[in-house]
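The two complexes that follow have subunit A in common; it is paired with subunit B in the first and with subunit C in the second.
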Partner chain A sequence: MSVVIPLDEEQRDALQELLNIAMGQAANSLAQLIETKIDISIPKITSVTPAQLYSLLFGSQDTFHTRQSFLGDIQGEVISVLSRSGLSEIAKLMDYSDPLSKEDVEEIILELSNILAGACLAGLSSQLELTTNLNMPTLFTPNKENFDELKWQHSLVMEVQFTVAVSSFSMRVVFCLDDDSLTRMKDTLDELLD
Partner chain B sequence: MALSVLVADDSKLSRRSVKKSLPPELDYDISEATNGQEAIDFLAENTFDLVLLDLTMPEVDGVDVLEYLSKREECFPNVIVISADFQPEIQRIVLSLGAQRFIRKPLDKEELAMTMFELGYL
Partner chain C sequence: MFEQLVEKLPVGIGIVDENFLVIYLNDFFRDRLPREYRNSYKDTPVTDIFSHQAKFLERRLKSVFVLQHPSFSYWEQRPHIFPFKSSRPITGEETQMYQNMEILPVKDKSTGRKYACIFLQDVTAQASYFRTQQKLSAALKEEHEAQRKLIHKLDTAQSQLIQAEKMASTGQLAAGIAHEINNPIGFINSNLDTLSQYANNLISICDGVENHVTDFNDEVKEQIKNLFEAQHYDLIKDDIEELLEESKAGLNRVKDIVDNLKQFSLDSTKGSQIVELNDVASQTIKLVSTQYASHHYKVESADEKIEIMANPGMIKQALMNILLNAAQAIPDKGYVKLSLLKNSENITIKVLDSGEGIEHKNMKRVFEPFFTTRPEGQGQGLGLSTAYTIIKKHKGKISINSKVGKGTVVTIELPITSKDNSATAPQ
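Moving on, here comes the complex of A and B:
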């Protein structure tokens, strides 16, 4: 069974700031694509159980979900939660025509996930001087039964939120790390803080 | 005479990075605000030669601080915004509110030095 390795206050502050910088880079990537301002939240860093993670991610029915695993110096999974609301406005900004087909919607969701989650992970990894490779995102439907079987038993969750200013669209990106990766990241943060 | 500087950022790591990046040619009298409201409180009670301001802070953010400065009657201090959010729209907003310069995070000390040079500090 895995054990939560808590971050101390300085490590948490540092990780939050590094994520904030990574989010800025991610938001800029999307803003360039849709030529619209993106509001970004202050990152939240929490340790949660699978049940808490399930509630955190899937509290609303009105959302799409994607997941992407990443490998490298640190390993884990990025789960993106995208609101259904406002997605058609984003699609227009991405030059899709109404009405959107099912394939269009899936393509947009995967594209948004890849841009924001990819840029976030790349920004975080580069600042920590860690190598990571992000796999392509896949759509998935959350299921409480199989969710408990995932390996994210008490792991660190890094949550960021993007909101598109001119629409009701919002998206959350949640990073889940395994314990070995968390230990590696803590060590790297300590080196940064020295 | 030391340059009075207010560093406003909710991240300790970032405040430390800003302080370490200040050009060594000058002496500094540094005050630190850990959020936007603290920054406003400092600015209400003190005069600073230079304000180094983050944007993304809880509750009272950097834009709120700039709006506070733009509404008061006192002289607007030199403000360099140092932000992870560097979208063109946010840069336009902060510069229109009176900030002199915009620098993106992660902070590059050469860029800070160049910016301070352009503003006449070096």
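Moving on, here comes the complex of A and C:
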């Protein structure tokens, strides 16, 4: 299946560059908070169908998911995929003590999502000179059927993976934009490119 | 005016500086302050005033100052950050306030100093509702599970009933047929006896002729010899005895089957007497164990004397059939245990074996007359159906439980009928 990317080459490159910077800042924020080195992957920009999004998010096992919506000049949702493994090491870095209760685990993944998604969004918005506000994160346990019923056909997603150097923990942050926001972002990118 | 509004908002609003010192608290917070801080909360570390969750607050405030990004906390994970009472101490179900918290970074534009603003929402009602809902849903789920089990039980009971029904009708039919077959068996049997007698007589006659053949002239001699040869006399003489023997054996088997079938129609009230089950058990075990000597046998009984009113022959027959199955189910070596238990109303007899077990698909059919998994000629498939009928006649229950590869337990429950009946019961 050919993937339609609703951005042209130039826009894409520009966005890629912006994301690199934004994600780098995000990684720094988290690193600062938990005093550990954090590596980031090169951000991926793709266009997906609901089914593709489902397998992108829930293809791997042993993961937690959260979602957060954001409003403002651009709107959409951030979905974070957090690995189960290595979580307890991160918890220690975040000052939680063993053994972790179910509530502790939930709180940690919500907090991690909030920090990373928040930092990414803040970075991206400031690079694009847009204002956005992130709402609170919630736990997310979707099922395939719901995804099949989604109304949209294609969505632009931006994905980046964070890995924490000293542990097996990794986390992916996936931004999904709605159509209006995509247009808005394209315009902004064009302005920046001029 | 804004300040007044903020004071009176139904959410907690507090502002702390980078050292976590309290700059401002609105009414919501102030009304709930610990007494000793009522007048001295300003410039006191928020983590001192609310020391209950100090570590957590500190962590979250630090994150907000470092990242300049809001932080959230929910009642589901951390219900009581601030030790506040529920707003309905009298009528509410909860005693402590459930809270959602949000901490926002704020900046004083004129001085450039950073602050954190704490919003606290009382979500007790919501939490209470949610928790009730959850309890309800758990209760529902439990109920549902119980119902599912019940339906399953009913299903089993129903198929057992159908089984019993089938048993009863098949049994009656079988008993009827058995009776009918009995007559012809009778005359076939006596005819066979007569026939074999006649055959012997005929053979003697022929042998006599053969022995005296030299007494005849050559022509007659030749004729007799030809006659014997043409009719294959030697062969007939050999075969006839064998044929008769086989027919007799076959007829005996038919008789056995018919006798077994007749058990279905036996009237249990006939021949009822006091039966001591410990004795019956060890007697039958002894019989079976001599036949299948490689297994280990055990009788367990809680009481020295376990007496019921029953037909002793039938009870022995039933136990025998079950014990035989148990012994036959063990391919090599194993154990067979018979246990007897008595309470005020019932006697429970359990026969347990370490045999190969019964496949699930056969479980429903084992009590069916003529159902057998044994090779042809080795089982009639009447053992358990006979036991079933006998136990039913004694107003008892019989059931079977099995695990393939592990073994089988047959459980019999017999009601204890009062001893008064023994006087009227015929010997």
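FYI, the second predicted complex is superposed on the first by the 185 of 194 C-alpha atoms of A that agree within 3 Å, B and C clash if a C-alpha of one lies under 4 Å from a C-alpha of the other, contacts with A are read in each partner's own complex, and residues count from 1 in each chain.
Everything that follows uses one rule, which is that a residue touches a chain if its C-beta (ideal position, glycine included) is under 8 Å from a C-beta of that chain, and two chains touch if they have at least 3 such contacts.
Bear in mind the structure is a predicted one, so any value in this text is a computation, not a measurement.
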| item | value |
| --- | --- |
| First, second, both or neither for A:193, with subunit B first and subunit C second | first |
| Which of subunit B and subunit C A:95 touches, first, second, both or neither | second |
| First, second, both or neither for A:127, with subunit B first and subunit C second | first |
| Touched partner set for A:118, first subunit B, second subunit C, both or neither | second |
| Touching partner for A:20 - first (subunit B), second (subunit C), both, neither | first |
| First (subunit B), second (subunit C), both or neither touched by A:31 | first |
| Touching partner for A:42 - first (subunit B), second (subunit C), both, neither | first |
| Contact set on subunit B toward subunit A in their complex | 10-14, 56-58, 83-90, 104-106 |
| Parts of subunit A lying in touch with subunit C, wherever the complex brings them together | 29, 32-33, 94-95, 103-104, 106-107, 110-111, 114-115, 118-119, 122, 134, 136-137 |
| Complex interface listing, subunit C residues touching subunit A | 55, 59, 62-63, 66-74, 76-78, 102 |
| Subunit A residues within the subunit B interface of the complex | 10, 13-14, 16-18, 20-25, 27-28, 31, 37-38, 40, 42, 127, 165, 192-193 |
